[in-house]
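Chain naming follows the written order as A, B, C and D, and within any one chain the residues start at number 1.
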């Protein structure tokens, strides 16, 4: 299956990536996707910060959230609007 | 000594009086003034309601407040602004 | 920090604009009270606000001073109308500017709660069944009493 | 009940006017957030607000829905600006209409607290020392957590 991954704000700048299409095995979760990205190497370490939040299809989720084909997954730092 | 007494809102309407100059003995308090007015007769009974508030020189006071010559004393029902 | 007691209406946008323009302000909380109309025989046709001139301004200034003693405020504005008002008319405005929103919200609600129970205004409603003085609400006393806890 | 995420400014007086005009409304509580300037080397020259288009609107609508489930609200309006803003510029507006002030105040503060911790906006400040992303404040998490107590 394929998902679209988005990065925002300081995390987007630190990674140097704004969005990417990624092919995943069935059964993938937000946590397994994140681990897969971090394992790519040094550039991806900012994604390992404990403060990183995740959303799937534009709703906040926890790391255990299962992914499905076509999902839009976003990683970002704590929000600071208002 | 002399004080000016003011009445507001439903109390003013019930008493049929808006303001009055009254001569008092030295040592008079808000409570003694109020008792003196109530003792005048039937018309003045609305002043005996427990909900009646008092102010002296435009600050809320309790019944024990001592009066002085020239004071402005006001009696009124609970406030309902805002 | 200013107080107005007036017959005429006020400009909410201009009042809040003046508060957001205060140097250092990051948060402006405000409140607007309006005459409710209602339905049927109990429907309010008009409302007359009586007040105690002089004491009104003094009590509102005192309430603002108490709020300033409790929170770090950069601006406070209170406007209260008197005289005859119709359903939908604005009655009262309270606006508070502070650096952060917590203080602004709390102080704004504090000023309204104290105004409701301490400032000498009285409302008389006109309905199809005649005119009647509005009764004080116990919930307003309870709201004001919250701020005295733990002092 | 409506949400806008926009680059342009908004008219606070018109927004509050629309809320006071809602049938049955007696109380309108509102909040305006402004870019603070500050002094010296730390002075903010400008601020850029990034957001997650789509999720932003969805999360704000969800926050409003939660507020409506907690309080009897007659109207809710949320406006949040994005893009580059200067000191003194308005950032956010939240306005809530209800019959009585208690619900209006609480719901307005609830929406702001949830917006601050759940809506996907991020601020980047420009100072004389360069640009930096604003850190999330623990006090905002604490403010939002208040509303979860006792549930």
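Criterion: a contact is a pair of C-beta atoms (placed from the backbone, for glycine too) under 8 Å apart; a residue touches a chain by one contact, two chains touch by 3 or more.
Only a predicted model underlies this, so the values are computations on that prediction, with no experimental measurement involved.
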Minimum number of chain-to-chain touching steps separating chain A from chain C: 2
Looking at C-alpha means, what's the farthest chain from chain D? B
Between chain A and chain B, what is the separation of their C-alpha centroids in Å? 72
CA centre of chain C versus CA centre of chain D: separation in Å? 23
The distance between the C-alpha centres of chain A and chain D, rounded to whole Å, is 26
Shared-contact residues (touching 2 or more other chains) in chain D: 33, 101, 112
Which positions in chain A are in touch with at least two other chains? 82
So which chains actually touch one another? I want all the pairs, not just one. A-D, B-C, C-D
Of chain B, residues touching chain C in the complex: 6, 8-10, 13, 51, 55, 58-60, 74, 76-82
Complex interface listing, chain D residues touching chain A: 33, 49-52, 54-55, 58-59, 80, 91-92, 112, 115-124, 133-137, 140
The answer for chain D against chain C in the complex is residues 11-14, 16-17, 20-21, 23-38, 88, 90, 99, 101-102, 104-105, 108-109, 112, 139, 143
